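Two complexes follow with chain A in common, the first pairing it with chain B and the second with chain C.
This part shows the complex of A and B:
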């Protein structure tokens, strides 16, 4: 019926099957649309048609489990957090400061002078003798053009960030003579106002030589004062009467005070959550408080085995890092009671100061033995640019690890950390002590009148009182 | 006044942990005394600042719940910039350019912002996108309702049934009267007007010959009335109607009115008002117009005293239907009225006249659906997300539910893959050891209990096997009188148990079960013969016996069952300790049941099972940072932006419907914080 050469509509609709006509007989030939498999340019990725039929890809859970296990193992193998050690100080490093505008610049103050570092080259850029004796605190002005230091010689000095040109003398821009030793300094986020603490908390205008406001509340010395980076008029300080005091720059009086069992050394505000701060305490713990509810911390972070000396938040506000007298650095998720990571090296002594770099990638620790160490914030992270496919692979393995994190083998591997023997022993000892105390308390409760020994939670245990 | 604290400095780490000594208490008292000096001022200041800081709560929560956070927070949008940003210092120099620019300026054409003209900007300022959308949806609804109403009215008009119209009129009248009663209370002046109208209609009724016995129908009925009961009744009814219509309205006495007024005073109106809904943005939630008719409707659906003439069942049904229709109508009307009123309100509020092309606003169903979707969603949100104001935990609680517990710190340093392998082996070994001990423990207890039971039985001089196979009658035998009470007790129990399991034979079931399990555990002979190999194959042809013999594989018998000699126990031997080391033994925290957990495990993530886009979506990291970018602390501008976003937040829901992926992830987000301490 079909004359040779006639192509019906029906045949046109079926694209893949092209009718061929050879001398009146008809043969169907398989043909595909080149658009489906030919790439447009040579630079494109090859088109790979895929069939996602689950029956063709069986054993998805076991296969992904294996991948997750491998990813976890590799993570542990590649976990090499230590990057560099900046040596050059001739005394223990007492304080550090981040540059607000440049990632590669960092300042450190030692017990005898101070140094400006270039991190990318890992070399000292500039050295200057700032104070006689300890440099107690230093902070870079928000614009990054100058920085302030306080020292044991009862002075506050302001310095230019630029290196003085040839022939120019290294001199501070400003020097303020105080009445007592200053122990810490912090600068306002946006205005030319800074705060120091020593015997009292003083707020200074950059243009004046006397404080514009002083706060004291029956305490004879403060160890640390910090501006809130978000609500920039708020301050918090740690005092030697084991208290943390809150201030508002606009008010004439301090706001509130919480007294804890032991002294807090330093504190740090969460840069993404205006009302949360974490303080590092002498009793080996860190406490995260909501400033509105000071009667108990909302998280107690335990793991250190000696006094915690410094704490700094990651710029994302999700984690913080703490430096301890037990010669380790620990990284805590902000709402977890235990650390996710512990860093230590053989030669690192008591870690005095710690900073999390403002690109969320590195951690800087300054310790007693005159060195500043540069660590990765994520131990197994690959540094530098990642190709998109590499990035996808990293994301995938991260997701897998997260998915299978509860499986015992994976958990075991991902949580294993090596610890020096002394710290290991100490932590064990502490655990035993804690257990003994808990047991004793339980027994006492068992043998006393019901209700006379109320259960005190771990959070409530550490706060003595809140004073208005 | 300075207080020395040196005496309270801790001498050792733990001496102050308790913090409950007398010294401490005195100290606290002293502190309080000191603080009371300037306490009030401080308290006020603290209240103020904490209130100020609390503004961040929503932002913080939002960030915690966010599926992905990209840092730095306020990045400039990538892509091409606008011309005037690029060439800021450019000036018209040539005369031609100047002429062009003067022309543009004269016509108020945008020079610096080429995207929008001043009028456009004004219109933008007058109404945001969300508002416009809501308004549009509202208009749509109005129009649709209007058209429905019109169509319905037309339909009703076209109905030829007289009965229908009669009934409808009746209903209308009733409604009218009701309204009138209301009006008497609320608006006497209007009521008076109405009264006049009614009076007029009454007069007309009296003047007309309607509903009297002079009509054609009435005459015929009058003739029929002698013989037909129905006709007589119809006549009477009509006369009644006439009476009703021509009756003078009785205005309620003044005293009553006063009484009512008084009662109204004692119970103010707003008590019965609908609760004000929190949302101010959504016009659908603002008014109470939709709720009132609803109430009326419900009243009508279940009227306390619903005067309805008893007629034929069919008529009754009609009546009901009519009522329902009417209800709908009234609802629609009230809705329409509500819209009108609101529009008027808004127009008075907004000084800026908004030019709204109603033709431009196209009618589309899905939009409305989206809106209703959004309202329901929003209701859900409001119900779910009542932020606990005085709970400090609420803030940081969300987010990382799955935070791992302790690091497992040890003295082993992991350097190579082999070390890692060893780690896992280590755990598996310990785990298996633990498991085996546990198993042994259970076994022991089992055997113990078994032996105990056996002993008991033996005391009663009964063989356990017999007990298990046969019914318990055997035990009812005389016992020594010394143990009478005991025996009685047991007897009682036995009787109770017997009664409880009267219907089913538990013991035989148990035995059957056990046998079945034994059967399942027994090795099976595997037949590997392939027909047709080495000989002829086909229909009806069996492989030769020798071949079958050769290819039958007998599996070695498993070790004897643990419960082999324990007749009343089944010990499950399914558990494979080699696999158990890899299995999750405890339900992880955020999950509520194993099924939920298994579902998350079962859904694959990788590219082998999912399309590219899905994989990208699933595996997107929670925190993204840009290489080499400084992340500044969150700024106050973000707060303002976020608050505005929170207010107009649901607009997102208007546009995008939730895909399954999103839903799943939002479910995962509902994890709560794990409390460690």
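This part shows the complex of A and C:
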């Protein structure tokens, strides 16, 4: 037998492993050494032994559901997307440009001049009087050392990004006098070539004062032109005859165009799947097209209750943001027909221009009432550095929300958004109108000869024709 | 390969030309050798060839990533154990959750991708869990006798002599002869013990260190005692009302809505205290907000037999007519009513996994049921009948018969004939309770309390985030906040707790039928056609009937037309086929002309 009186802890540990023998039989009783389970000093972290046996963790699903519900509620609680308002313009802000190299720099052009902003400090760095009248478009050169502006005074100006030193005049590097008003400008991704539009689409070499190529296709004006970010020789433009025209810079004539029911205001290429582009339309919708199949858009994005004025893709190409005349901003997943998020404030008026920052975290909106607003792209996201455990917790709750997203209670909470009364009413009205139209069409079809009223899908409805 | 390198090592390699590394085009013969060697090693390690096969397959898959290093390393030796180590099948099964469904068809490629990814993730989790399970620090206790010796004859004193001093100290008795008999409860972590004497003595203590937390006499009959979610609060069912005390013995609440409570059960994940009263009421108290959730009149008389299913939080009540009823707070009627015994039911216990229910009755029988299928598994006859039952975490059953406590092992497997252990208490037993995470059975009896050592009763490895016996005050606070945040709502209590994660397969029709039942009318029902009143004799009954006929069965017309067309088509095809067959088979004989 063992000397019971002199058992030390060490002995106990040994005995814990080796079963003791009695009467030829064997016995072992649970006897834990507290040293294995309690931290040694206060400076250590607590020991947390785990056992993942499912029978020790009952109610796995209801508990996860509760966590998901809590996470969804907290997400709505923490959804405070508005970060800052950059005020200082003395007229409505008409256009903005992202800096390709610096995240903190942003350019904005107003109806009377233009400003360069520093976003981290939320202050204006530099102001210059670029044009007389509206600044219609601006773009930063791919190298980030200079930028181009076009204005109502029929000029294209190139400016240095650097602030002129003390005593130096604020002078453009280059000024080109055009024949007509320019409405938009975009720069090539790699070469010293840029494109403007107005009466026609002009392609310019930076070194020359006359366009190297001009495209027109029987229309009098264009509102927007954009280079494809991947196939860099391709262009797309929105024309006032309700068409979207595609060009190849190397060819003499445009490629093809699609004519829609209403005019498109702007378009934006998807930076990741660069054969897709989204255009913002006057008929309150946005349309995502595949460049190769223009006969119908592959998604119609609805939700706005007034004309959509601008659109910009996130750098991941998964989502885009749109600015509308109805004083709201909406964020759409690229393949969803409805928005996942809507931003509005009491004071924000018609949103004219919108940009998604290159780090995929922020959204900038420029609106009529002389302000630029900075929003979070993900309304409930915590800004700043996250500790690894925080990050893990965020990921975990994200996954839970995804898992239980279709449960009615969770869906109701996660979908809930407060809307201004006018927009709420308008969207309801639109819904009623749409339903009425659909009902009428159904009835007409029912009472007409079978086959004489073909079913036209929502996607096909808005395209008039494709011209090659 | 290995052999060649060994021979090379033996030779002096100074001044010798090194053998050039083998190339893949020369390697066919060598590889054959390799395989043979590997096979041999596999035999040495007692691996089944099938396992080996799967492993080599996996190795092949990973080969691309490791750049063909799976077979040969730089030193020239081959890896005797290529690929990751295999995980035992039974460990994998332990962590299996649900069954894998079929993949969605290819056209739904996005959904298919999501399903494939999530299944891969859960497979990985399952495998990692199984691997981790192999490394758990503690092993369960056990007691084995000789071939000719029954373990039930081994007395507690012998066990205490054989085991180490800390384990031995777990066998002790408290002589409390004045206010007994005692009912008891262990806290969720198994650290704290709560004793309630019939004549009003209530005490709680840290039973391992024998540190007394409070002791008092409530000067009233005590029917039952129960710890709430932590060791800071406990509930005492006294003569008239239900009282909540803290661990200093200070009366926090007297809940007058709960009267004549006889038995209590605490549902730790729901923060619900379920009480069964002498007036036949089953009541639920939400202890996190202090509100009564529901009071159900069971209409079954005095309720003094109660258990809860730890797997799905369903309350089992035993009745004097031999039935056991299952209750949730969401339904006024019992979910299930089982006739278990000829006489009244004396005690009920449900095991941790929610699979088995053990009942004992006045007919001196002990029965084991599978409560997933409501099927009796075993029936034992105990000469004295069992008054109290308790199931341990590892499935040991303790049954108190008079003043003897018997512990059985595997009552739901092959029929047992002899108890695993037995112990005679000093007085008649009033309550038995296994201590969680310890090999200890607490017995409350007329003369006080006895804590006996039952090897193999408790779960050896606890989960620190769920119930940690060694937690500090800070950790307890953290846990309390977390647990309160993920408190499960009482509405979610049901027979199958995992139902929430399953796809709702009930068809649209079924849902529609339910909706119609709830609303009392069919919201999608077609409006009956009422012909418009027309003048100048056009609304004569004949005309109305005619107009009604025009629209009658409008929705079915297409279907009917289609089916008629289909039938005609099939008929036509059949006839044509017959004709062809006749033409092909029948070499026209001269006698055919006489055939009708």
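Quick note on the criterion: the second predicted complex is superposed on the first by the 421 of 468 C-alpha atoms of A that agree within 3 Å, B and C clash if a C-alpha of one lies under 4 Å from a C-alpha of the other, contacts with A are read in each partner's own complex, and residues count from 1 in each chain.
Everything that follows uses one rule, which is that a residue touches a chain if its C-beta (ideal position, glycine included) is under 8 Å from a C-beta of that chain, and two chains touch if they have at least 3 such contacts.
Quick caveat: nothing in here was measured; it's all calculated off a predicted structure.
Number of chain A residues touched is higher for B, counting chain B against chain C. Looking at the shared chain after the overlay, A:275 reaches chain B, while chain C stays out of its contact range. Looking at the shared chain after the overlay, A:38 reaches chain C, while chain B stays out of its contact range.
Once the two complexes are laid over each other on the shared chain, residue contacts for A:67 go to chain B and to chain C alike.
Within the superposed three-chain model, A:55 lies in touch with chain C and out of touch with chain B [touch as defined at top]. Of the two partner chains, chain B is the only one touched by A:337; chain C is not.
Once the two complexes are laid over each other on the shared chain, residue contacts for A:27 go to chain C alone; chain B is not touched. When the shared chain is aligned, chain C comes close enough to touch A:46, but chain B does not. Across the superposed pair, chain B and chain C both touch chain A at residues 52, 54, 57, 60-61, 63-65, 67, 403, 407. On the side of chain A, the complex with chain B involves touching residues 52, 54, 57, 60-61, 63-65, 67, 69, 73-74, 76-77, 79, 100-101, 103, 189, 218-220, 229-231, 234, 240-242, 246, 248, 251-257, 259, 261-263, 271-276, 282-284, 288, 290-293, 296, 298-300, 303, 315-318, 333-342, 358-361, 385, 392, 395-396, 398-400, 402-409, 411-419, 421, 423-424, 427, 433, 457-459, 461-462, 464-465, 467-468.
Looking at the complex, you find that chain A touches chain C at residues 1-2, 4, 7, 11-12, 15-16, 19-32, 34, 36-38, 46-67, 70, 403, 407.
The part of chain B that touches chain A in the complex is made up of residues 1-5, 8, 10, 13-14, 16-17, 19, 24, 28, 31-32, 34-35, 38-39, 41-43, 45-46, 48-50, 52-54, 56, 60, 63, 69, 71, 390, 392-393, 395-397, 399-400, 402-417, 420-421, 423-424, 426-428, 431, 581-585, 588, 597, 600-602, 604-611, 615-616, 618-621, 623, 625-636, 673, 676-677. Across the interface of their complex, chain A is touched by residues 94-95, 97, 129, 132-133, 136-146, 149, 151, 154, 158-159, 161-168, 170, 269, 310-313, 352-354, 437-439, 453, 455, 458-466, 468-470, 472, 474-475, 485-489, 492, 497-501 of chain C.
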